[in-house]
Each structure stands twice: as C-alpha cells, then as structure tokens.
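Letters A, B and C name the chains as they come in the text, with residue numbers starting at 1 for each one.
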Amino acid sequence: MMASRFLLALSLSLLVSAAIAETRQPRLTQGQQCRFQRISGAQPSMRIQSEGGITELWDERQEQFQCAGIVAMRNTIRPNGLSLPNYHPSPRLVYIERGQGLISIMSPGCAETYQVHRSQQAAERMEEPERQVRGSVRDLHQKVHRIRQGDIVAIPSGAAHWCYNDGSEDLVAVSINDVNHLSNQLDQKFRAFYLAGGVPRSGQQEQARETFHNIFRAFDADLLSEAFNVPQETIRRMQTEEQERGLIVMARERMQFVRPDEEEGEQERQGRQMSNGLEETFCTMKLRTNVESRREADIFSRQAGRVNVVDRNKLPILRYLDLSAEKGNLYANALISPDWSMSGHTIVYVTRGDAQIQVVDHSGQALMNDRVNQGDMFVVPQYYTSTARAGNNGFEWVAFKTTGSPMRSPLAGYTSVIRAMPLQVITNSYQVSPNQAQALKMNRGSQSFLLSPGGRMFQGGQRS
Amino acid sequence: MMASRFLLALSLSLLVSAAIAETRQPRLTQGQQCRFQRISGAQPSMRIQSEGGITELWDERQEQFQCAGIVAMRNTIRPNGLSLPNYHPSPRLVYIERGQGLISIMSPGCAETYQVHRSQQAAERMEEPERQVRGSVRDLHQKVHRIRQGDIVAIPSGAAHWCYNDGSEDLVAVSINDVNHLSNQLDQKFRAFYLAGGVPRSGQQEQARETFHNIFRAFDADLLSEAFNVPQETIRRMQTEEQERGLIVMARERMQFVRPDEEEGEQERQGRQMSNGLEETFCTMKLRTNVESRREADIFSRQAGRVNVVDRNKLPILRYLDLSAEKGNLYANALISPDWSMSGHTIVYVTRGDAQIQVVDHSGQALMNDRVNQGDMFVVPQYYTSTARAGNNGFEWVAFKTTGSPMRSPLAGYTSVIRAMPLQVITNSYQVSPNQAQALKMNRGSQSFLLSPGGRMFQGGQRS
Amino acid sequence: MMASRFLLALSLSLLVSAAIAETRQPRLTQGQQCRFQRISGAQPSMRIQSEGGITELWDERQEQFQCAGIVAMRNTIRPNGLSLPNYHPSPRLVYIERGQGLISIMSPGCAETYQVHRSQQAAERMEEPERQVRGSVRDLHQKVHRIRQGDIVAIPSGAAHWCYNDGSEDLVAVSINDVNHLSNQLDQKFRAFYLAGGVPRSGQQEQARETFHNIFRAFDADLLSEAFNVPQETIRRMQTEEQERGLIVMARERMQFVRPDEEEGEQERQGRQMSNGLEETFCTMKLRTNVESRREADIFSRQAGRVNVVDRNKLPILRYLDLSAEKGNLYANALISPDWSMSGHTIVYVTRGDAQIQVVDHSGQALMNDRVNQGDMFVVPQYYTSTARAGNNGFEWVAFKTTGSPMRSPLAGYTSVIRAMPLQVITNSYQVSPNQAQALKMNRGSQSFLLSPGGRMFQGGQRS
C-alpha cells in the first residue's frame, strides 16, 4: 500500500512537471500554407454513424483548416449514449452546443478522488448483473464533470476521456483539435487512440476506419491476459470491435455516478491563486467553464450585442493548451468592427442566425464575402482583416482561437488604430480633410468592436 | 464612458497576456535549409520608389536569408516624408543608419497617452485646412517616439506603425523581419499589411505589388461606411491607392506633435524593475535604444575597437521578440577572434569601411572568404565559425541576431575554449609541444574577441 | 586585468541568459513523418575507426529515428584515448555503458575554475616534453568531471567538450542528439564541429567524412597565426588532420588533472534551491548523475524489477535540454504494463538480456512484435502504446526521452486509466460483466508499471 501511494505521488509529480513543461510549447506552422485565394463556410464532410450517436468531421485537407493547423469535429451523443474512452496527441477544445452529460478526463497520477457509496436502496434498483457483485464492489473513480449547453471543455493532449449523455435530449459537442500544438511530437496528421470500440465497417470511408481503432486489438491476447491478470476470455471481449456499435455506444442501463457538486468546488477554487500548490495546479485544475452567462459578458453593447471570452485567465488550463474560445451574439444588422487577430487563428462556428462575412488579405484581395448560416465553419487567419454584419435575425457564433491570449486590433471605434493616429497622419495617409479625419476617428464615439446598426444615428452622441 | 474605460482595460489586459505568451515563442526553422556551398555579401535586389522615399528589399529567396529565416529591407524616407501605417506578421528589428524622425507603434489597449494642446499661437501658424477645424479638434494620440541615427527600434508582430521624417536629411532605416518567429502562425512568406497606400504600378515587379497593399481596398464600401459611421465618400478616399504616392508619401505640411521628452522618461523607467506592474511591462515598455554610445561600449579595446550590444537585458521588449543587435567598430587591420554563435544566426550589415570575412562550416570548407564593403549584407549561420580582419580604413557594422540572448564562443583569447583546455589536451589534440600549446592559450594575454592588429607585439604583455 | 574580468562577467551574464532562453525552446517535428508500417531493433550502420577508439552511428534516415528527431551514436574510447574537442548544434544525452574517464564541457563565460598545482614529486614523474616547461607553466582549466559506468551526462548545444579514458578498460558511451531541439536554428541534419582531428580517409564512407571535420582547416593560416599570435608553424599543425588518428587519439603520456572531488560538491549543491543565484544556475550546474543506484530506484517491485529516472528534477540542466533518461531492470519473464508516453518519444537501447516488445498504433496495427537483444536500439513514438516481457535471463535497458518531464499513462495496474474508469463505463465499453470489469480494474492489486510474471498468482492478493 505504501508502494502504491509512492507510485501515485511519483506519477503525480511527473504529471505536474509535464503540465508545466507544456506551458512553453507553442504550436508549429509546419507544412501548412496560408496562401489561399478563397475562404468559405464549410459543413462536415465525413460522418461516422455509431450505435449511440454520430461523429462528424470537417475535411482536414481544406486549405483554411490546414493553415490554422486544426481538425474540427462534431459529436452527437444520444440520450443514454456513451462516447467510448479515447485520447489524442493534440489538445482539444470543446463547445457544448446542446444537451447535457457527464465527462471524465483521466490523467495518470491524479488520484481517483471520489468513492462511490451505494446505498441499499440504490442497490435494490440495480439491474441483475450489477446486483450480482453487490457488497463486494466499492467503486472508486476519478472526477466526473457535469457538462451543459454553453460549456467550454479543455482536453489536454494524451489524456483519455469518456462522455455520457444522462439527459433526455441529444448532447451535441463541437470541437477543434490543435494538431500543430507542440505537445504533439508526432506529425500533423490527426489521430485518435480508442481504448474500446472502433469505426463500424458498414458504408464508412476507408480514411475514417484508418483513423479510429481500439488499441487493444493488435496486442497479443496472452500478454494482455497476463498484464491484467484476467482470463483470456475477458481480453478477447476487449479486443473485439463489435462493428455495429462504433465509437459511441448505448449503455445497457442508466449510469449513475456519485459526484460531489464539482461546480461549487470549482467556483471556490477560482478565488485562489493558481500558482500556490503544485498538486493543485493540475489534478484539481478546472477543465470547463460556461461561456454563455449573460451577466458576465466581456464585451457588451446595448445596441449591438455581447461577447463572452474564455481565455487563459478564465480557464487556467488554457495556459498549457494555448487555446481559447469566445461566444458571441450580434443583434440584427449590427456589425463587428473590421479587425485583425494579433495572436492566433480564429475558427468560427455559426450557432444561430446568419451574417455577411468579409475577410481581406495583405494584397488587398477579398478572400471571403459570403453569407454564413447555422452549422457553417470557417477560418479567419491570424493578421487577416475581417468584419461581419448580422442578418435580420441576428447572428450567434462560437469561435475557437489558436492562442491562450486572444487579442484583436480593431480598425474602427474607441480602441482602434485609426483613433490612435494623429489627425495629420490620417489626413496625409488618405488625403482627406481634417474634418473627415476627425469623423473617422470619432464617429463611433465610445463604441468598440461591437457596432450598432445604422451607425449614422450615433453621430450626435459621439462625444458622450 | 465607463464602457470605453472598461474596453480599454480589457484589451489592455489581453495585450499584456499576449505579450507574455510571446515570451515562450521561439522561432521555427521550418522549410529552411542551411546546406549552402557559399555565402557572400549581398545588395538589395528590389526597389520600390514612392513619392516620399524608397523601399529596398534583399532577395528573401537567397539561401543565406532562407537559412536565417529573415527578410531584410532598407527604407529611405525623404525630409517631410511619411511612411504609411502598416503591420506585419513577424517582429522587426530596425537600425537607424542615418537621419532622424518620429515613429509611432500602436498596440490595441495601450491608451492614447498624450493629449495635444495647441496653443493659440501654434494655431495661428497652422495651414489653412488645419485652421478650419481649430477649436473643435482636441487630438489625442499614442506615444510618438523620437528616433535618431544609431537607434535600434523593436516593432512587435501585428503592431501597426508609421514613421515621419521631421529632419532635414534622408532618414535611412535598415531592418530585418523574423518570418520564422512563432508569433507568426501563418507560413514563412513575408507579408506587410498596409492601412493606406500601396505599391505604385509604374515599372515595379509583380512580386512587390502582390506583397504590399491597402487592406481597406477590398472591403465593401457600404459596410466600411457604416462601421466608421462616415460618408461613403470618405471611405472611397481611403480605398483609393493613388498609384504614384506608394508606401511613403510627402506630408502636405510640416507635421508637429506635442510629445513629452520620452527619452528622459525612458531612462527613468530603466531604473525600475520590469516585472512589477503588468500595465507597465508592455504599454510603457521601451521600444528603442541607442547602440552607438561610445561610453557604454560592452566590449572595448584601446587597440582594436569596440562593440555595443542591444539584447533582452538592455531592451526588455526583446524578451518577446527574441532578437538582438550589435554595433561594432573595428580599427584598421584589427581582427575579430574566430568564434561561433551559440544562440542564433547573425545578419551583418556593413555601415562603413571594409573587412575580409571568413566563414567555415563543420566539414572544414570555407563558405566565405570575401572582402565586404559598405551596404553589403551577409549571414553567419549559428554554430558556423567566422572571423574578420578590418581593412586599412577600419570596419563598422551593425549585426542583427535571431536570439534575444546572443552568446559567442571564441577560439582565441582570454575567454576562449582553447584557453579553457588543459595543456595536455592541446598537445595531444594538435601534436604540438607544451610550449606551443602554452603560446596558443596565452599569447593573446587578456585580449578577447576584439584583437589588435599584428598581435606579435603583445607577446610581452600577455600576463599583465 | 580589469578588462578580462569584465569580459568574463559579460560573457557569463550572456551565457546565463542564453541558458534561460533555452528553457522555452521545445523541439520541432519539422519534416519528420511518423507514419511507419513497422519498427524494429537496429544496430549501428556506420563505423569510424580512429587511433584511440571507434565511433558508431545508427542510420539517421531510418523512419523511427526520423520520427523521434534524434541521431544515435556509440563511442568506444580505448584506455589512454582522448576523444577530440568538438561541439554540435543540438543537445546530447549520454549514457556511460562501460568504463570510466574524465569529461570537460566548456562554456564561454564559465571561469577556468581550478588551477593545476603540480607538486615537485608529480613533476619528477613527468615525461620529457612536459618537463621542459616545468616551472613556467601554471595551467588553468575548466572543471573536469569524473564519469563512470551508469552515468547520464548532459551536453548543451554548442558547448565544446573532450573526453579522456584514464581507466584500464574501454570507455563505452551511448548517446542521442536531439536534432529537432529548438536551440538548433540550422536544419535537422546532424553536424559535429571538431576543433581538432577529422574522419580518417581509409575505407570510410563519404557521408562520414563530410560530417566531421576540423574547423581550423579551412581558415587562412596567416589570419589564424595573427589571431592566436603564434607562429604559422603552430597553426599548420592545428590545421593538419593526420588521417590515421581520426576523431579519437591516443595520448602520448598518461594525462593527469588535479580536480577537486566534484561528486562531493555536487551532492552538496543538490540540497540548494536551483533558482537562487544566477551565476550558480549554469556554470556550476551539475551535468551528470548516476542512474544505476539500487537504493534510489524510482519504481521498485520485489517481484518485477526496478526503474531509475533522470529527469529535469534530478538533473536541472535537463530543463534547458528538455531530454531525460531512464535505466530499467526487469526480472526474468516480468512485464511492463501496456502504456503510452504523454510527453515525448522514447528511444530504447538494450544493455543486457532480451525481451519481447510490442508496439501498437492508433489504427490497431502492431508496428512491432519482436525480440530485442543487447545492443539493439528502437523507438517507441509518443502516444503509441507499447509493452514488454523480459526473456528468461531478464531485460536491462536505458531509454532516452525527448522530454524533460517524462510521463507514462499505463493501461493496467494501480495507476492505470482502466482503474480510473467507473465499473459501468467498463462494462458498457467492453460488454463484460461487472465481475469481469472489477477483475480488469483490480487484479494487479497495488502493482503498477512493473508487473510480476505469471500475474495469476496475485489474484488472491489483489486487495492487500
């Protein structure tokens, strides 16, 4: 028992230092080219149907995703569906678009924190197979996190995770995998290592089958039997991919886990300094937060909308992942100031409504001037200038960013570079009159980033 | 107004964290090959003539520049010329070879610090267009920095900047862009995003026109008009590239900016700890320093010359840019010890005189054994051994380095590896006598790096 | 003398900051592909015979080494042999497989710490050439480190080093060079810059001769003569590669260096905080440690074996090198749990015995299922799952890892992900009964990573 504790402590300390090491791991731009002629909204190009849900993938070979170095996917888990345990060589950032469920992200060295105490009553309600082991079973497991619509979830490279839909509607999760992140020392091909299951054979593309497969399958059954100290029969069940079940399976019974209310605990932890205790930094590090709180909007405009940001300050694990996200809501016909990102690519996924998007490159070419609709995804490359105008029904989006510290440089509004230029620089740069230059600088008044529609009505209030 | 303040504070904190994130972003060596047969001094290969000056570029496809991952340029701004506002995906380090002027480097979130107070008298002297708006205009703008011959200026990735020559002679600036720096998540192609102007059509190469262009040009005029809340007529002026004006324009009148004496303020700041206040670290961070002060030479030899270094210690912003520079002055016929750089490539630009340069690779081949003259630029790759002997008129150079912490390992002199070897290792390595080994170790006495000409006369003084 | 001190202090501070800069330099995966069909144990493919020993290189073009971004070599130095001073653009981690000797790793700016005091008696025993200079010679040199079988030695990028075998048996050193480390701004080709010697001509491959060559050879003799302030005759001896001597030479007499017992000093230093004094962090930083101490095993199992780890915590210089090593000893027929590395590639070198190795990829294919024997080297790529079973004579290995903070995620045992999963997740993932799931989680009891042979006998003790 001492040995076990020691091992736990050892792997814990290794984990912590690995996590710290990850801090200094930026991403590669290896192999990728950002020299496109055109960007446009894309829908998933591949669909893997499993017993308990659907996995959809955007085409990773599209130029815009290659440039950003990401692979995008959308998982739909049916009620009572279990997304099978798997890990991947790159960090993943997830947005829960719909539904609710439970997720567990397992890191070696982080103790199985909670013990499941099954009351007699609960045992009464168990299905037959469960009841057989009643009494003899005291199940320990790592933390299980409640996830809900609007959550952003961070999954570190190499950490195995599973997800269970215990709600009554589909759980829909949109995510990006940062294959260029330096925690990935393999090449930039997307890989997922499944601990169970595998891509069903029927009607699927060869590419997909190549990508996702049970890692137990290829091991020698005899050796695994000895390693786990279980009969070969058990191993053979683990190695079998029942082709029709796929990557997401239906649970035979409703799963229940005794969990403390981790949300409560997390909010408490938020108040503390992250850098105090090493054990705390990683194993108890918050892995999720909600990005849709109306009260906590980071940018809010009564006339134009609001944006919530989840960056390395709000979710400290993003220091290691060097990713971030924002959820935005633009009112009908409102605008986003033309701006460029100074610190990473932006991958936009439309969650509701529509908008006219313009993206411009350094050679003065419009790469995109399209209307995007719900379910579309597109990339605004770092440093490229873009703008958006919401349609008549408004525009809602979630954007993933390949930086833990997103920063925009707007061209119009209170915090813009135009406003930071002396009048004479504007008059000489654009050959406009001082009055025109003054209007360029000031006519958006104190608005910034989110701009109300029909700005003209704000000319009077510009100096308020 | 509260909202504006909040936005400012928000984008400020984002800026600071982005800056911090940049600390851990080293550079890529992607795609580049350092397997050349030959290195030689190069002159700019492309020239863009604008109304207010000239932009010259070295050929970025030359092997030596590819290996170093940099793009070199030289800007000449005529008196009263304005280099138009632009930004680029990679950090730039600039050396002011000649003249003086004003530069403004705009970062979102850094407040427009200084307010221009125009006295009545000043207004009297204004040109007509300026006078029209007198009274109604209170111009605020970000810090404007005075730059002079001998200055090193650091421009972070993505920060828009403009430069105005308010002197009476040409302002000549030589700079390198570190396209491999990891703050650049695009590919390693050199890009510049101009907020105004564009490459003139007449007689220019296609490549150049592709590279530099006004980002407003491709946006929808209607949308921009709404975003800035100004008439479309103003937008159309912004979108127009008056082809003959180019990237550097002549100001219609002499520009004047009220600035505090920022040099004074900066020297004061130098005394403080950089890590104390977060707001201070970035927005008020020094972006320039002079590299030609005779009193502050880092290496000085009465017989051989002097070298001034600008590294991450002297100009802390270089922690984020991971670049540095040195200005050297070698007396007639003096030598630089054969040495190798342990921490980055060295890009040398000859500012005066001439020298014989030798560069040797790991296979014992001489890659370079040439005389270089004023205006030549060449690369000494990291770890390659090089040496120089000044001509009869001496040799002056500025060297840019792709590291914030340059370090040389000399072969001869007081701090050399030969001196660090035990006698017996030298006698056995080279099959020389103990006396010869002793001479190899000691005959340069306390000289290091800068070696006086005709060393023989120093044999007597070697142990002083 | 003041000047010398100043220079020393200057280059010292540069060195320290360079070392710190190195912290944030992870490795590149540039150009490499990890899409192999097959991995197998490899023997060196190239052999360079020198006067004083042998240099063997594994084929750097093999897919497994390309994927890991390393070049592996084995040096055998005969008694009284001197491996000539050289440096390389990438960090090197060395394991001393056999014998003992002295190594000196020279960094510019680190003072020549120890003065050699030759007592009269010692001088009496000197060979003739040494005696000639007696009295006039007071030799200073940098620290010389004692190395012995079982040592791990860290050599930073660009630091020149030499090694002398003062023992009575061959000194055998196995090492890897991390050519993808970002301290290397050249391309990923392996280079070694020799300060003396060169690859002998006779019967060697062209490739080898291209790789290792005396950097003095290509310089102008006149210029070097002036730089060192010695006669041209001495320079010509330095430039000559006596072809038969090669990269390792025989010393003409037994070399003796007066050294303090640095082992003692190092153990004392280990107790101190590394981050206190800057000068201390680098110049006096420990460069070696022993990895074979039976008492200090990091993982120990009475039934299965033991593993010693040398990571960034045990040898702090590995923070800058971002490499680590482990020495393992597996008893006859014992197993290593199937696991994956979360933080780097693993390069395994077999030092004794044999084992059956299995490596599996994400598509469920077995890349390796081979028996490996003494002297074999193979790569387990990051995130790929592997396992091993020792043969009847046990299995001993040293593993180099391309991370300073190695971390494994085991599939079986006390700290495994299977154990971290709730029972219901296991039953639903593998369609096994709760009892079978319970057995999978618990049957290895408190064992972890190192698993005793014939695990079945542990079923009874699983809950102890």
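By our rule, a residue touches a chain if its C-beta (ideal position, glycine included) is under 8 Å from a C-beta of that chain, and two chains touch if they have at least 3 such contacts.
All values derive from a computational prediction rather than experimental measurement.
Q: When chain B touches chain C, do the two copies use mostly the same residue numbers, with over half shared, or different ones?
A: different
Q: Rounded to the nearest 5 degrees, what angle rotates chain A onto chain B on CA?
A: Angle of rotation between the two copies: 120 degrees.
Q: What whole-number Å value describes the gap between the mean CA coordinates of chain A and chain C?
A: Taking the average C-alpha coordinate of chain A and of chain C, the gap between them is 38 Å.
Q: As a quick test, compute the distance in whole Å between the mean CA positions of chain B and chain C.
A: 38
Q: When you check chain C against every other chain, which residues touch at least two of them?
A: Expected reply: 24-26, 28, 30.
Q: Contact residues on chain A for chain B in the complex?
A: 23-35, 67-69, 298-301, 311-313, 322, 335, 337-338, 340, 342-345, 356, 358, 360-366, 369, 381-383, 385, 387, 389, 402-412, 414-425, 427-436, 438-440, 443-444, 446, 448-449, 451, 453-456, 458-459, 462, 464
Q: Considering the complex alone, what residue numbers of chain B touch chain A?
A: 1, 3-4, 7-8, 10-11, 13-15, 17-18, 20-21, 24-26, 28, 30, 82, 84-85, 87-89, 104, 106-109, 112, 116, 129-130, 132-133, 136-137, 139-142, 144, 157-160, 162, 164, 182-189, 191-198, 209-215, 217-220, 223-224, 226-230, 234, 237-238, 242, 249, 251-253, 255-257
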